[in-house]
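Given below, in the form of structure tokens, are the structures.
Okay, so chain A shows up in both of these, paired with chain B first and chain C after.
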Partner chain A sequence: MSLAISVIVSGISFGLVIGIVGFGLVFLYKTTGVANFAVGNMAMFETFIVYELWKGGIGIWPSVAIGMVLGGVFALLVYLGALRPFDGRGNSNLLVRTVALYLLLRAMADVFFGSNQPYNFPQLLPHSGFSVGPVDIAWADLITIGIILAIGGAFAAMFRFTDIGLQLTAVSQNAPIARLLGVRVRRLSALAYVLVGMVALVAGLLVAPKQLLSSNMMDPLLLYGFAAAVVGGLTSLGGVFVGGIVVGVVTNLVSTYVGGDLALASAFVLLLATLAVRPHGLFGSPSIQRL
Partner chain B sequence: MIRRKLTLGGVAAIAAAVAVAGCGSSGVTAGGSTSGPIKLGISVPLTGAVGSSCGPLNKATVAWFDHINKQGGIDGRRITTDTKDDAYAAARAVTNTKGFISEGVTAVVGQCGSIQPPAQVPLLAPRRIPFLFPFGAVESLFHPVQANTFALLPLYGSQLVSAVNWTFQHRGAGTAVMINTATPDVDATINETRDAVNRAGGRFLATYTVPAGTGDFSPYVLRMRALHPDYVILDQTPQDAARVVNVMTTAQFSPNRNLIGSSAISLSTFLSAIDKGLATRLIATSATLAPVDAQSTQCGRVIRAAGLEVNGPTLWGCGSAQVITSALLQAGRTVTAASLTSTLDSWTNRNASDIFPPVTFSATNHLGVKQVFVFGVRDDAFYTIDKVPVSG
Partner chain C sequence: MLAVRARTRVTVPTLVLLLILVLFPLVDDGVRMQSNLTLAMIYAIGAIGLDVLAGYTGQFSFGQFVYFAIGAYVMSALETHAHLNWVLAVVAAVLAAGLVAYVLGSALVRLQHFGSALATFFLAAVALDVLSGNRLARFTGGDSGMAVPSVSVGGTSLMGGDGLYYASLVVLAAGALVCIRYIHVRAGVASRVVKQNQLVAAVLGIRVNREKVRAHVLAGMLAALGGCLFAFSLGFLSPESFDTSQSIDLFAIAAVGGLGSIAGPIVGAAFFFIVTDALSAAAPSSSALLFSIVLLVVVVFFSTGLFGLGEFLWSRARPLLPEALRRRPASPPPAQPRAAADPVAAFVADTDLGTRAGSAGAVLAGGEREALLTVRDLTLAFGGVKALDDVQVSVLRGDVHAIIGPNGAGKTSLLNCISGIQPATDGSVSLGARDMAGISVSSRRNLGIGRTFQHPSLVADLDVRTNVEIGAYDRHDGSILPELLGLPSRRERTRVARRRADEALDLIEFSPTRRAVLAADLTMGEQKQVDIARAIASRPSLLLLDEPTAGLGPEEIGVVARAVKGVREAGITVLVIAHHVGFVRDVADACTVLDFGKVLTVGSPADVLGDERVVEVFVGAGARA
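Right, the complex of A and B next:
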């Protein structure tokens, strides 16, 4: 029983990291209409930037702070350079661009940083933990949960209490109408990319110390993140975190009690079951079209 | 009429004799020449996924050959190398190997990786061109024995058995769990290791096989932790092994006694990626001497002179080149592929390198290393504790 509880706690922590990757997918989908498959590799590239700053002699936390700013700038440049030009060519066109971006970022990371990868990224969270009865809980897991809930709460507050949040909500619900009402959609899309760039870096910083920093470190999480987004609902920003928790806990329990080779399969079983039974996800809104 | 036929036959015979003599004096034979430079072909990943390790390995190999050339070569014959990048791809290695065959190289050497050799061997074997000492644990290199293929790296399963035997003898028998990266031969490795643990008086508690690309190792670590083992046996790629050890640190789990591994993790890149506290508990095997102990060897000096770091891959590169030049020297001035092969087959406990243990080959055994080094960790570096026979 104590093993099961430990696995569930670890699964929640892992699930929230998946959720934050999925959050990037969903947030960009809602604000730009296109799910960006390059979110994971944006996180990877930005984490390499932080690593290079740290290797250059800047302390790890100042490197993280600088990296946050650079991450936002980097994501903005990605939007302006790869997605903004000719953005009226349709969502399929933009989707394919994100796939190309995924490959390009991987290749660039291999060229600039990859010669001796993987790298040992400094530990940002404590290694210690505590026991609650027979269950051992790692501080790293609890802090991860806290960070991601704080990020989710910050976004929820932004949407609820700020003008920018209101405009982002309008764009995510109906971009053409929002544009007619004077909302500057492209400017908000750029802002969305800046915010996702910073959030993606948080995901990278949580993953790199465990997975080692390498150009493919986010690949497993991208698949899980996609599953989390579908399970939670592609139109629900809060739902993706719940979807991530569901995916994280289920895959960890499957790994522990059934077999590791079924972990990824179980995530996709969840995805397919969701699409079959509740296509808009646990918290997503069904799309209704007026005929 | 008969006289004319005899005369014509005599002319034909003389012409044939002249042609044969001409061929002999030009020194061209299949698989190398008997005069001029000794040409060796090297197909090696200089780019791609393993280029960062295999590139320096290649430089160390060439550095040793240059060192020998500066001392007069092999009985006055220079060693020349033709190095081609295969980017860790079997198809490119095949293309490179075909090029070496058409160039008439004496041997193909210096390969780095386990994907390429199985594709190269079928090209070289029919032509009896020696394929020497690739840096990869590939069973098909020496089982079944191919007349022209020689290896120096025992399989990881054999190494783990040796490591278990040594550790249980010196640190006491105990309970063990094992974690593996999923590979085609993982079941055989697990069975060999389980049998070794049980034979040595220990108890094999559990084994976990992790698919490549796993995003979270926590479930496996938590299961191992629940068993409270004395030993954790790592049968993984160095990257996955480092990830597991890091998760063990986060989960505050360590075996009661030691982590046990093979040459797959006896690399400084693995050591630098894991927590220092657990690193000191590591026991690993290696076919080559530890870098810290190799600094004062000939290879250590040659590697440093070439501006390279003395580490596992460069020691392999230089050490294997030492074995090759030792064989070339013994084969004599008119070394050919055939004489090189028969020279290697004649070796018993030959000290061909100051990096490898004594090497033994025979017509029925082409895995030359019969012992492996046992490494511990001290001051953030591997050091050589002992030597142990290779099992199996």
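Right, the complex of A and C next:
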């Protein structure tokens, strides 16, 4: 039983990391109309940048700080270079662009950083833990949970209290009408990419030390993130974290008690079941099509 | 959409490509080129299936390589463990893939393109995990892989070299011909309506999900065939050969080649392998980088792909060619002498739908006129807002009944409830004596309800006659095989549909010289006409028209009015939403006024349009002064 509780706690912490990747997906989906398949690889590429900085001899925390800025710039360049030109060609076209970006970023990582993958990434969080009764809890998990709650809170506050947040809400409800009301939609899309670029790096930094740094390290996270987004409701920024926890706990339980090869499959089943039973997810709102 | 348009006339370019592939070994017999082209053809077999799926049916798959894996593994496992003859093993593998595609497709079709893209992407990763794991290791060898049993035909090994080259070419040619056949028969045309707009397809009686699943099955079986050949070329199967990035590469090949062209993906595959190979010789790690840049550039700047580029160059080069080589411009069909006779009689005579709930023929019988359409106590609520509130409408057989009312009065909602698109909150709709509750959109059409939409949604890349023809089918049922084989009964069905389409166009007086024009090149007025023709081509008993005059000039409104009168003369009852008062006076026998979801008044057009309350609703309170 105590094993189960430990598995659940680490599942929650993993689920929040999933949630933050899913958050990037949902945030871009709401503000730009397209869920970006390249979000995971953006995180991966940015983590590589931090790794290179760290290898260059500056400490890990300064590298992280510089990496945050570069991550935002990088995401902005991705938007301006690949998504902004001819952005009126429809969502399917944009969707395929993000898939092309997915391939491109992986290929770039392989070419620029690649030859000896995977790398050991320096530990950012303490290894120790403590016990509550029979249950072992790792500090790293608690800190992860704290960081992500802080990010979620910051975004919630931005939406609630700032003018930019209000404009982002307007764009996500109805981009053409927001444009008519004077919101500069493209500028906001660029801003959304900058923010997602930074959030993605957080996800990358939380993942890299646990696994090894490689060009395909974010692939499972991207899939889990999509599953979380669908379970939580593709339009709900808070729901995606709940979805992430559901996916994190379920996959953790499955890989502990059934087998690691079915972890991804269990997330897939969750995704399909959600689409079948409740297509708009736990917290999303059904969309109404006008004829 | 990604594919700006799907093309119908792709046979010649495809045959030219296949011919080049036949002759190529005579020009260059290098081993390296041969193995590149062999792999290209193997991938192309999957890519053309993907083109049918994405380019013609509008569905995405980022997991198509799963079917390659199914084909490769099922074939090899059956040969190794069940000692099955290799031909039977290939057949079984393809059928297995078809079955999987059927099951998965049935789930995927319920998702929008994004959901389907996501689910297939996911599926590829799950399949890879399962293949690498221990669960199937008894059959697949798990992580350590399995050898592919050697296969040869008449002493020529199919495991590589000339044998595999020509085997791949034969399979590719067969696959391409099936795909080309598919896009020309009813099922393929119906898929293109689905791609354009699923609701419109349903209203035309097309079984939307069935057509989509069909495309999945076709694409899956082709990919499995490719997978068997892929297994030959590998000689040894291991999970890494079926990595998720393969699926994305396959989609990229189709997109770079140009979706909606069948020939494009073949070019895309050749391009991919030749360029990758040349680059990997020059700079080993950069081939993936370059290809992803090419993909991005194509998707961002040239969304029609290499095929579109080829079309463009050909259109530029053609004037420079000697006269004899130029293809004659699509010749207008010979003037149709029979159109002059009596279009109404021809239209009415060509009806064998006596069993329908009120066929067109029965109308002219005369006597006491009964209501064909009865709407009782119809209420449609969105949360607290009532779009329709206790609406009663009765449309007499043979009438043109107009629905008028200001914006937001619930007119389109009423039509949606009648055609089954929007389930009503309360109340009933019946056609003749038959209650429509619980009957699907496409089944209502089959029972005799046709409709048009406010924004005509013709398939832009099909010509006028084909657009109408797809509406002319009595039923969209039946298996795909007889269609692909061109059995006499299916050919007869198509011939009837074609004839009925022409009669419908004659009835509404659509110019015979404009019938070979692509719908994209029509004026707004013509589009509305063709939309009406498409809706009546199957001889419905009731025609619902949503704003057929919106956005038209006076002359075009006259044309539409004549079309509506022609439809009425042919015995079809019409329920029409209109804003234009002159049009209503001209065509309507009766008129219902809606305001805020309630029926304000009913009567003859003259009475209704003279009613003070109606004037007030339309002109505003100021009119009283």
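As a working rule, the second predicted complex is superposed on the first by the 288 of 291 C-alpha atoms of A that agree within 3 Å, B and C clash if a C-alpha of one lies under 4 Å from a C-alpha of the other, contacts with A are read in each partner's own complex, and residues count from 1 in each chain.
Everything below uses one rule, namely that a residue touches a chain if its C-beta (ideal position, glycine included) is under 8 Å from a C-beta of that chain, and two chains touch if they have at least 3 such contacts.
Just so it is clear, the structure is predicted and the values come from calculations on it, not from any experiment.
> What is the contact status of A:Phe283 with respect to chain B (first) and chain C (second): first, second, both, or neither?
Neither partner.
> Based on the superposed arrangement, let me know which partner A:Ser128 touches: chain B (first), chain C (second), both, or neither?
Only chain B is touched by A:Ser128; chain C is not.
> Based on the superposed arrangement, let me know which partner A:Phe37 touches: chain B (first), chain C (second), both, or neither?
The second partner, chain C, only.
> For A:Phe113, select first, second, both or neither according to whether it touches chain B, chain C, the two together, or no partner.
neither
> Which partner chains sit in contact with A:Pro220 here, chain B, chain C, both or neither? Use first/second/both/neither.
So A:Pro220 meets both chain B and chain C here.
> Have a look at where A:Phe23 lands relative to chain B and chain C in the superposition and call it first, second, both or neither.
So A:Phe23 meets neither chain B nor chain C here.
> What is the contact status of A:Ser92 with respect to chain B (first) and chain C (second): first, second, both, or neither?
Only chain C; A:Ser92 stays clear of chain B.
> Kindly classify A:Leu272 by the partners it touches after superposition: chain B alone (first), chain C alone (second), both, or neither?
Touch status of A:Leu272: second partner only.
> Mind working out whether A:Gln211 is in touch with chain B, chain C, both or neither, as first, second, both or neither?
In the superposition, A:Gln211 contacts chain B only.
> Across the two complexes, find the residues of chain A that touch chain B and also touch chain C.
Shared contact residues on chain A (touching chain B in one complex, chain C in the other): 114, 219-220, 260-261, 263-264.
> Along chain A, where are the residues that touch chain C in the complex?
Within the complex, chain A contacts chain C at residues 35, 37, 82, 85-86, 89-93, 95-97, 99-104, 106-108, 110-111, 114, 219-220, 223, 226-227, 230, 259-265, 267-268, 271-272, 275-276, 279, 288, 291.
> Quick check on the complex: what are the chain C residues that touch chain A?
Within the complex, chain C touches chain A at residues 1-2, 60, 62, 107, 110-111, 113-115, 117-119, 121-123, 125-126, 129-130, 132-135, 199, 244-245, 248-249, 251-252, 255, 285-286, 288-289, 291-293, 295-296, 299-301, 303, 382, 412, 416, 421, 453-454, 546.
> Okay, in this complex, where on chain B does chain A touch?
Per the touch definition, chain B meets chain A at residues 51-52, 182, 208-211, 213-220, 222-223, 225-226, 239, 242-243, 246-247, 249-252, 269, 272-275.
> Under the definition above, what is the set of chain A residues touching chain B in their complex?
2-3, 6-7, 10-11, 14, 114-120, 125, 127-129, 136, 138, 140, 209-212, 214, 219-221, 224, 248, 251-253, 255-256, 260-261, 263-264
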